[in-house]
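The two complexes that follow have subunit A in common; it is paired with subunit B in the first and with subunit C in the second.
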Partner chain A sequence: MYQFSGKLKTFSLALIALGLIGIVISFASAPSTIDEAKEIIAHQSSHGDDHANTHEDVKETHQSTDAHHSQEDAHHSEVKKEHHVETAHGEHHDDAHAEHVLHQLQNKPWSALYVSLFFFLGISLLVLAFYAAQRVAQSGWSIVLFRVMEAITANLVPTSIVMLIVVIAAAMHMNHMFPWMAEGVFTVGHENYDPIVDGKSWWINLPGWTIRSIVYLAIWNAYRWFIRKNSIKEDTANDNNKTFKLNYNVSVGFIFLFMLTESMMSWDWIMGLDPHWFSTLFGWYVLASLLVSALTVIAFVTIYLRSKGALPAVNDSHIHDLAKFMFGFSVFWTYLWFAQFMLIWYADIPEETTYFVARFNEYKLPFLAMVVMNFVFPILLLLNSDFKSMPWFVLIGGVVILAGHYVDIFVMVMPATVGAQWSFGIPEFSALLFFLGIFIYTVFSAFAKANPLPKGNPYLEESTHFHYYNIEHRGEGSDNH
Partner chain B sequence: MESSKVIHAFYNDDEIVLDAVKAVKADGHHIEEVFCPFPVHGLDKAMGLAPTKLAITAFFYGITGLSVAIWMTNYMMIQDWPQDIGGKPSFSWAENMPAFVPIMFELTVFFAAHLMVITFYMRSKIWPFKKAENPDPRTTDDHFLMEIPVHNNVDELTSLLEKTGAVEINLVDKH
Partner chain C sequence: MSHYEAPIREPLVLGDKSYHDITEDIAKPIEGKANKNWYIAFYISLAAMLWGFGCIFYTVGTGIGVWGLSKNIGWAWDITNFVWWVGIGHAGTLISAVLLLFRQKWRMAINRSAEAMTIFAVFQAGLFPIIHMGRPWNGYWVLPIPNQFGSLWVNFNSPLLWDVFAISTYLSVSLVFWWTGLLPDFATIRDRAVKPFQKKIYSLLSFGWSGRAKDWQRFEEVSLVLAGLATPLVLSVHTIVSMDFATSINPGWHSTIFPPYFVAGAIFSGFAMVQTLLGIMRKVTNMESYITRMHVEYMNIVIILTGGIVAVAYATEFFIAWYTGSPYEYYTYLSIGAETGPYGWAFWSLLICNIFTPQLLWFKKIRRSFIWSFIISIVINIGMWFERFDIIAIVLSKGHLPSTWWRFEPTFVDVGIFIGTIGFFFVLFLLYARTFPVIPIAEMKTILKSSGESYKKMREQGLPTKPAINVVETEGTSDKSTKE
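For the complex of A and B:
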């Protein structure tokens, strides 16, 4: 049985504490008045030499974020576009500009927290979905990894609680990440009235959004609680696989609900940040990003636990299979990323292109670096079959994949909430540390609580003998084939 | 001519034939060929065959397909008959590249797949209407056949093969 070592526990608690301090600092240092925001703007432009384009960048943001920020403008988007081309540099005087920057700076600590939160919540959720898929497919190879996956899903509970807090805070207008939650957006005649968002009010409305968010979290956590309990029950059940079949049936139901809730979750929690913009494959795109990250995390935790001797039944073929999934879903992510981009690029409709314009103008480096990190690098590194079974290659590839998909979530959220005011500093880094600490604490303490081998699973024998024909297991002769 | 004679040993299980191949190799005999009704995992390693280089050719065929696609889209859409793509009349291949990505992808796959199949045919020396080289039709049904060339050691080989569980051992002339 694996023991959650005191050293690792201290390390994770230190990460949580460090992250928490950073989060508190970033919330405390966000400006609360227009004067403070003006000071920051003045400070930014005084660094003119370092950031030659800062001022111009800010102006541009102003223009492009306005194009989809409904509080600022009530006109139709096309009218607005012309309006901005003519007046962006003249009519907007400093006060309006400072107020806009103030909102973005106030959003910053929330957005930093939100990006990391969504990343870790999504990874835990997709591990849960992948695990459910393994049960539904009655796959043989992955049984020895079941307890690893179950342990990772334990992180769903704390991340869901934090998400619940963020959702309630948003619903109580404590943050302004979602522009459609501003006052008067749905009131005809109000200065914030937005006919485009009002047209979608049957879906985007505050009570509906809040209730849906809670329902998603409830469904995912209910399945996790059930399947973890019953998976451990399988070990000692000895009831002619009755528990196993029950787990199968419940997993089928969960996969169905998951596909629905995952799409809706990505509309509500991510696409709603740009309420004018829409993409029909956005749910798939978010799924691909989180799924490849989830498989990388499974591979990481497996490699770590195996190096500690906690997973004697896991062999190189299991690592090889996880790396194949990492490789395959990296390609899948690229396919969806490009499919979304190409259609919007080809049609060139202003209300669709705003999404990419905002990203190309202010997020060029992360936006393009992400394609290299999530596609080119994994392809070249993990193309070779032999490399996929070597833990070091999987680790190097995985670190780049995880960093790349963090950037992906970052670029999904930040342009809509903070515009040109983005950076990677204390708020972003401490949020990452905070959730990493929680991840380590929950995952490894959950792994220590159950038998690392699911003894009662009828496919366990098949899984321990799993051998992909093409690779040589280290430490085994050719007689072991 | 003694050296043109071969022994055909028949087996009726893939695990048994795999163990037999290992035993015959361990005794220092050369195995000319093993005929199977289906692929047996690990047989290539047991026989000491070199790993396939087909994957490397596939990579280069893919690169070829990609290059052809780039050349073709540039020639057709930009040079020979310049097209206004998606309302963006830039007439530059690089600026219209997103529109060509599906073509580049498809031709990469097309070239890799087709040329790889053709390479496989050539390496295996098979082509349409070729007469089957299969020594016994049972190897297409439920039997495995091991072919071992004979060098004045028929008795020794026969007794070895009997021990490995062969269900039938024939000495035949190879044409």
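For the complex of A and C:
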């Protein structure tokens, strides 16, 4: 049995505390009035030549991405246009601009929290889905990793609770992340009225959105609770695989529900940040991003626990298989990224290109760096078969993959919520620390609670005997071949 | 790979088979004479093929005007058939490459025929663009070759050109993969052949396979490398085909989900076709011990899975078309407009064949039944044909200008060519079934001891069964293997 060491516990609690302090600071330091926002704008523009220049650039991109902004929050540009007519370049324009920036700055701590939250929640969810897929496929190789995967899904509970809080906070208008939640968007004649969003009110509406969000979380957590309980029951059941077969059937049902809820979740939680924009591929694109991250996290936790001697049955072939999945789904992610980008670029319709225009203009570095990190690095590091069975190589490749997919989610969320006001500072970093701390605490305490080997699984022997033919297991005699 | 197999897994080889039995069973259709059923099937297919060829000659001789096309619907029946056949060609490479990488032993009963199906299906697919050119003798102009025709040069912006590269790459890799796998089995047939002519042919086909350890080592390495190459090809081919539709039907209309959704749809239809073909073949060639209920069930599970992915994609298409709020989306192939419009029958055929019927496979009784699987697989094949037809015909029939609205109706030539390709496909497949080992003999032997029914029973009773590769220790149960 594995013991969750006091050292690691203290470390995770320290991360949580540190993250929490950072989050509180970033919420407290966000501007709360238009005047404060104006001060920040003035401060930005009077900050030396370089900064002035970049600010000019930003302004220019503001002009050039007008289409985007009129998409994202039509009310603003409409307000702007009206004011243009009345008082050309008057005070009102500055006010509207300042209000816009104010909302973006107020969104910043929320968005930072949201990006990390979605990343960690999504990883736990996709580990759960991968685990369910292993059960459904009746795979033999991965049984010794089942308890690792189950432990990681323990993180689904706290992240779901935080998500629930964020959903309720958004529904109570405590932030401006979802532009369609602004006042009057659905009221004809209101200055914020947006006919396009109003046309989707059968889907985009507050009660529906809140209820759907709760339903997604409920379905995922219900399956996790059930399968974890029954997986442990398998160990001692000795009932001629009755429990095992029940778990199989429930997992089939979960995969079915997961395929539906995952797409809908990505429409509601991410695509809804840009309520005018749409892409049919988006749900699966998010899926691919989270799946690569999830597989990387499984590999990381496995490598760590194995190094502590907690997983004696795991050998280099298992690591090799996980790395193959990391490699394969990295390529798959790139495929979907390219498919989405290429088709939107090819059709060149303003309603859809705004998404990439905004990202390419204001987020050029993270946007391009992410493609390199998520595609080029996995290809270079993990193509070679020998490298895939070396834990330290998998770690190097995995760090790049995880960072790359964090940036991917960052670039999905931030342009819609904070626009040009993005940066990577205390709010973003402390949110990451906070969720990492929770992750370490929940995952390793969950792992310590069950037998690291699922004794009752009928495929366990296949997994412990698993030896990929061209891998040499380090630290084993050659007679094991 | 891993030699241990959990007792809970069902056997892959039924009955009390020895190594020699496997060789005998699989070589039998090649060495023996064909039965009456084979000849009936062959002549029907041949007649259909000849009829199709007649229609092709008529088209080429008279012009594309004999098809049901118009200036507004410039392609419909032909591109539908093209994509349908390419899609069918997908399961072969999936079964041989992806399932090889996933170490799925059940693929061994079906991979040879699935690969053959791939190649024959791609032949049929390739016919359509060539005929549609009107001047097929200029077909080589699609290649970017140096030429004396002035400014003639291919358009690299066109997905149709990408098709040329994607499909020809796919065909080459699939062919090499198929042939590599065939080498040891051709050698087996060669060594057993009595007639000198037959011996000559099979020794040419087997490329001088000697069966030495070095041959086998290279064979395994090449198989893995080809599998690694073929896996992205499975994705790329239908991605490119989907882009034919996604970039070029109505100006501006496109859907980003098309690439992965078409790939899933292709695997869905490909498995349905494998199910259809193997349903016939296991009876005709007496392969009941090797193509079992379990194989049928596994294929049905893949069909449910890929069908489910396709269903989610349909739902997404329907949802987003509505969500955009764009009036141009009101009459795409999955929309209320399509359902209530003149193509409502095609819309419902698609949903009934592709979404509702496969749901029957959730019932274990049905998915383990040979006859039900056969019927459902044919329904899915029809449904997948309608998918492509709906995307093309429904979307094109209502362009952006009402003056371009037009309904496509096929002529007898359209239908004749389609039937002809089905005939051609079956002619090739039936010839293959008589001349090629339809199940990989050598690979089947590697799983006999781990997954054969009789060996599984022996293990249950506690009798020793050594791994198949361990020939030295033959005491106990493996005396049968020494017959080889």
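The rule is simple: the second predicted complex is superposed on the first by the 440 of 481 C-alpha atoms of A that agree within 3 Å, B and C clash if a C-alpha of one lies under 4 Å from a C-alpha of the other, contacts with A are read in each partner's own complex, and residues count from 1 in each chain.
One rule holds in what follows: a contact is a pair of C-beta atoms (placed from the backbone, for glycine too) under 8 Å apart; a residue touches a chain by one contact, two chains touch by 3 or more.
Every value quoted in this text rests on a predicted model; they were computed, and no experiment measured them.
Visitor: Kindly say whether there is room for both subunit B and subunit C on subunit A in the superposition, answering fit or clash.
Guide: With subunit A as the common anchor, subunit B and subunit C collide in the superposed model.
Visitor: Looking at the overlay, does A:Tyr469 come into contact with subunit B only (first), subunit C only (second), both, or neither?
Guide: A:Tyr469 sits against subunit B and subunit C alike.
Visitor: Just subunit B (first), just subunit C (second), both, or neither: which does A:Thr210 touch?
Guide: neither
Visitor: Of the two partner chains, subunit B (first) and subunit C (second), which one does A:Ala347 touch, if any: first, second, both, or neither?
Guide: In the superposed model, A:Ala347 contacts both subunit B and subunit C.
Visitor: Is A:Asn241 touching anything from subunit B or subunit C once the two structures are fitted on A? First, second, both or neither.
Guide: Touch status of A:Asn241: second partner only.
Visitor: Identify which of subunit B and subunit C touches the larger number of residues of subunit A.
Guide: Per-residue touch count on subunit A favours C.
Visitor: Taking the two structures together, which residues of subunit A meet both subunit B and subunit C?
Guide: Subunit A residues touching both partners: 342, 346-347, 469.
Visitor: Please give the residue numbers of subunit C that touch subunit A in the complex, ascending.
Guide: My answer: residues 1-9, 103, 232, 235, 239, 243, 246-247, 252-260, 308-309, 312-313, 315-317, 319-320, 323-326.
Visitor: What residues of subunit A sit close enough to touch subunit B in their complex?
Guide: Touch list, subunit A to subunit B: 338, 341-342, 345-348, 385, 469, 478, 481.
Visitor: Which of the residues in subunit B come into contact with subunit A in the complex?
Guide: Subunit B residues touching subunit A: 18, 41-42, 45-46, 55, 85-88, 98-99, 101-102.
Visitor: Which of the residues in subunit A come into contact with subunit C in the complex?
Guide: 138, 140-141, 196, 199-200, 203, 241, 256, 259-260, 263, 267, 278-284, 331-332, 335-336, 339-340, 342-344, 346-347, 349, 351, 458-459, 461-462, 465-469
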